[in-house]
Amino acid sequence: LAANYDANATTDVDELFKNPDLDAVAITSIAAAHADLIVKAAEAGKAIFCEKPMALTLEEADRAINAANQADVPLQIGFNRRFSADFALAHETIVAGGIGTPQLMRSITRDPGWPAGLADAAGVPAWTIFRETLIHDFDMLLWLNPGAEPVEVYTKADALVAPDFKDNGLLDTAVVMITFDNGAIATAEANFSAAYGYDVRGEVFGSAGMVTAGRLNHSPMVLYNERGMEQRTLRSDVEMFRDAYIRELTDFTDAVRNNTTPAVTGHDARAALRVALAAMKSHQEHRPVQLEELP
Amino acid sequence: LAANYDANATTDVDELFKNPDLDAVAITSIAAAHADLIVKAAEAGKAIFCEKPMALTLEEADRAINAANQADVPLQIGFNRRFSADFALAHETIVAGGIGTPQLMRSITRDPGWPAGLADAAGVPAWTIFRETLIHDFDMLLWLNPGAEPVEVYTKADALVAPDFKDNGLLDTAVVMITFDNGAIATAEANFSAAYGYDVRGEVFGSAGMVTAGRLNHSPMVLYNERGMEQRTLRSDVEMFRDAYIRELTDFTDAVRNNTTPAVTGHDARAALRVALAAMKSHQEHRPVQLEELP
Amino acid sequence: LAANYDANATTDVDELFKNPDLDAVAITSIAAAHADLIVKAAEAGKAIFCEKPMALTLEEADRAINAANQADVPLQIGFNRRFSADFALAHETIVAGGIGTPQLMRSITRDPGWPAGLADAAGVPAWTIFRETLIHDFDMLLWLNPGAEPVEVYTKADALVAPDFKDNGLLDTAVVMITFDNGAIATAEANFSAAYGYDVRGEVFGSAGMVTAGRLNHSPMVLYNERGMEQRTLRSDVEMFRDAYIRELTDFTDAVRNNTTPAVTGHDARAALRVALAAMKSHQEHRPVQLEELP
Amino acid sequence: LAANYDANATTDVDELFKNPDLDAVAITSIAAAHADLIVKAAEAGKAIFCEKPMALTLEEADRAINAANQADVPLQIGFNRRFSADFALAHETIVAGGIGTPQLMRSITRDPGWPAGLADAAGVPAWTIFRETLIHDFDMLLWLNPGAEPVEVYTKADALVAPDFKDNGLLDTAVVMITFDNGAIATAEANFSAAYGYDVRGEVFGSAGMVTAGRLNHSPMVLYNERGMEQRTLRSDVEMFRDAYIRELTDFTDAVRNNTTPAVTGHDARAALRVALAAMKSHQEHRPVQLEELP
């Protein structure tokens, strides 16, 4: 079911996609290759699971979505948090009206250490924190504020973890404030080096209550000794989202088998990418950016 | 309002109790002196707050209760846990039927270190863990199983913290299993040396739910670093029960001012003492003891 | 790899065990059939995973262990808690000396509802709570007090959930107090009907600290509204031990592949069974039972 | 010690301040009267405790600070959170280097319902959320990022709770993003109507760890039933900060008695007010405001 892609050997992919035994492909290459691969896979009639972001620009995203539409193949983008039991239950609660209308939102991502190899990837890294990391938070904020549209974005970002890379445009710490058309004010926050491990949390405060999702402890085991009480923390996305990854791919294969629309579509991924691009523009121009400035 | 008692100068107390400006006394002497002081204070017409245990034997307890009754003065015993917000809310929930009928219960007390001076108090210490420590747990279990009567007690106790004192009869670790006439099976547990501090907790499981009370963290502040997540723990009863002590004495002074029955009566204290004495008998005779063996 | 056993068609099993393509079997039949099946499987040279309890009597257990030994096949018994991340970390911490010497222990099992079909199983059910439920807790207490031997057991048990079945000998609520030769005093507790779901927890208090394991919330998601704050609870063992079940079977297949001793041996299972049998004897004879009374 | 001020009877205050038996005054009037009262009290030689904000403008704040300086009297402003055990421990940990250099910060205030009477106070309310509510958060962020100076402020605010009052300028929901000269990016957030009660929390993430402060549960008591697990929430500032209020005033009276500098000075209060004024300017002008635009 899975296609292993080697960026230096695209002809292999062309060969691979011709394989009639292959019903579906999972694209987990570098982000810059995603849109092209989606188009190729769609043209080959394969169902497509593609890691986020689906593309680096809205034009590429549209091209990929159109290709999947024309080929009538399922296209699912890898927003794993939607399949985590706590975030899914938060969403279900919000949709059911359990917290009223969202007014204040928060989504954070803190990685336990420096993403391997980023420093070498000339050109790409500058926007990684927006398009590859915070894009999870943008998707969460859109998903947890159903029916609302983002209106304005304001970004503050810096290189606090590795200041020496700032001249190369590599940002490692960012906060993005997003205002929605239902009045909700959200903050998305990311950092590339949390000393205590992996930290992904969400909070939605509404007119009738609040939901929080995410945990910091690795397991329920607590140790009490002369220093106090202690718990181990999560050290990787896999530790936190192991079950979510399983559900995500199960959901995709179900969609392929039953020929149904996947839970996370290309349109969802485009909407998150649009916020990411607005956040990047806000950072570059040092000003609040209206979403309507983007297509 | 408070009477400071010096065990070596009882005439002072006699003088003190004659003072007509004194409405009430708080007895916080060694336990062996409690019953006598309650009787004296009652005969002097003073309202009485006395620390637990109210007496060392049931005979003494009856004498103290009778003295207070005949003098028609309020008598409150110092079971502070009843005034802690969490234990009080647990009680309120149980009385309101929130967990159905209690079936399994637990109450624990772990002190952060060795009670000062105990080793020197020849004669007394052997039973301290039952009559001065676990008596809190016995009161809790009786209070949180309203209307039920204890039927049987079985005790295992040992000197694990300070084995050298075992020959003197000094026990520092004990578990008492108590069966009630409504079927509930309870465990009371104590230890004199918790490395992490002060630990008082309760749990009542019933046919329709469960309540838990007690906390281990000193404050809500959490520190996350490369070792994991940490909280400071409670180091003394005062840190845990500061507000409870204030409420306890406020409740007593209210009872005095309004001439009402205190929240914790001599009868309550006698019932807890009776369980303590049964637990001691069980330890001595290495067998389950029926409560009906005691008056 | 797995053998599906039908109690009414044992010849099928004999046929099945002759299959040379079968390296290992997982025995998940009713408890009464475990020992016989282990012997048959061992004689057929199969590696064996058997659900707990391994047998109903010590004689049967010895027969099963001997058969596996003589055939030199791996025998693993299904104590799933050992593979849960929190219980495993508690064990690791204790073995490393992180809490000093255990002094007070607790292990509880509360099932979310009545075990299906028990009432119909004439003869068997009376002891189910000891041999099929609490046996998990006995294994935990032995495993979390490494090197110590149980000395005495005292049991209180009743039919509080379904009193009508008491005449049939069916007990649904039990507390067992176990004393160890290193002085540790433990309580094991079970109930067949927890209104709030599935509740498995452990606590070990030692001379230098404490560890706790187990959780009650289904996911980290918290809802705050005008009633307060709420979390969903666990509703089944699968919700709590999903990852543990995976690890347990992975561990077994690793033992089979590498021809190593499984993590949970027949000797471990016999030791837990011995405590269960002592607890049953204590209940029957209404007295503390010394473990040395059993072989 | 306390002076009860009636805004319609200032001559009473003048009389009161002449009282030589009065060592100190606590000013808890409407915010608009604070600065004038501080000046009067200072001229009368009284030690001064004044509720936040100390003034409505920086000019007033400077006048009040100068008056206290010239009279050489202690001046303490009522930032109660600094005296809460958890926030104080967070500060202590940060000062000791426990989390390295702050990079991401958060401080929130959510009130359980609409502040009484605000709607009637024509003219004042428009900025209440900044100068009377968020000023707590601004003080926290400055205090928990010791040595750093705020550089830029960006505000999004709205009337989501009571949209009808928006035309009067009354804002009830606000998020302020603050950038510091050490790179830290902070968000301060407030809302006037939390369905679940009173919610004050803080979080500081640094290069070596994180601290969190604040709690949502009213007491440690947890109820488990067929709906799941539940805790009561805090319903007022008094429930959350009872001990902090006691410590705050104890600290002030200690400063008066020992003639020492109070823990929260007029300079601290001016710094928080300056951020509040910048946040108001950002809201009015729909743009990021540099702190250097203000005196």
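So that you can tell them apart, the chains are marked A, B, C and D in the order they are listed, and the count of residues begins at 1 in each.
Everything that follows uses one rule, which is that a residue touches a chain if its C-beta (ideal position, glycine included) is under 8 Å from a C-beta of that chain, and two chains touch if they have at least 3 such contacts.
Please read these numbers as outputs of a predicted model, since none were measured by experiment.
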{"item": "Contact-richer chain pair [B-D vs A-B]", "value": "B-D"}
{"item": "Listed pair (A-D, C-D or B-D) duplicating the A-C contact set, over half by residue number", "value": "B-D"}
{"item": "Between chain C and chain B, distance of the C-alpha-averaged centres to the nearest whole Å", "value": "36"}
{"item": "Distance from the mean Cα position of chain D to that of chain B, given in whole angstrom", "value": "42"}
{"item": "Whole-Å separation of chain centres (CA-atom averages), chain A against chain B", "value": "55"}
{"item": "Touching two or more other chains - residues of chain D", "value": "99, 195-196, 208-210, 218, 224-226, 232"}
{"item": "Footprint of chain B on chain C - complex, ascending", "value": "99-101, 103-104, 106, 110, 152, 154, 156, 158, 160-161, 173-175, 177, 179, 183-185, 187, 189, 191, 193-196, 199, 205, 207-210, 286-288"}
{"item": "Partner chain A, residues of chain B touching it in the complex", "value": "195-196, 216-218, 224-233"}
{"item": "Chain B partner contacts - residues on chain D that touch it in the complex", "value": "85-87, 89-90, 93, 98-99, 208-215, 218-226, 232, 242-243"}
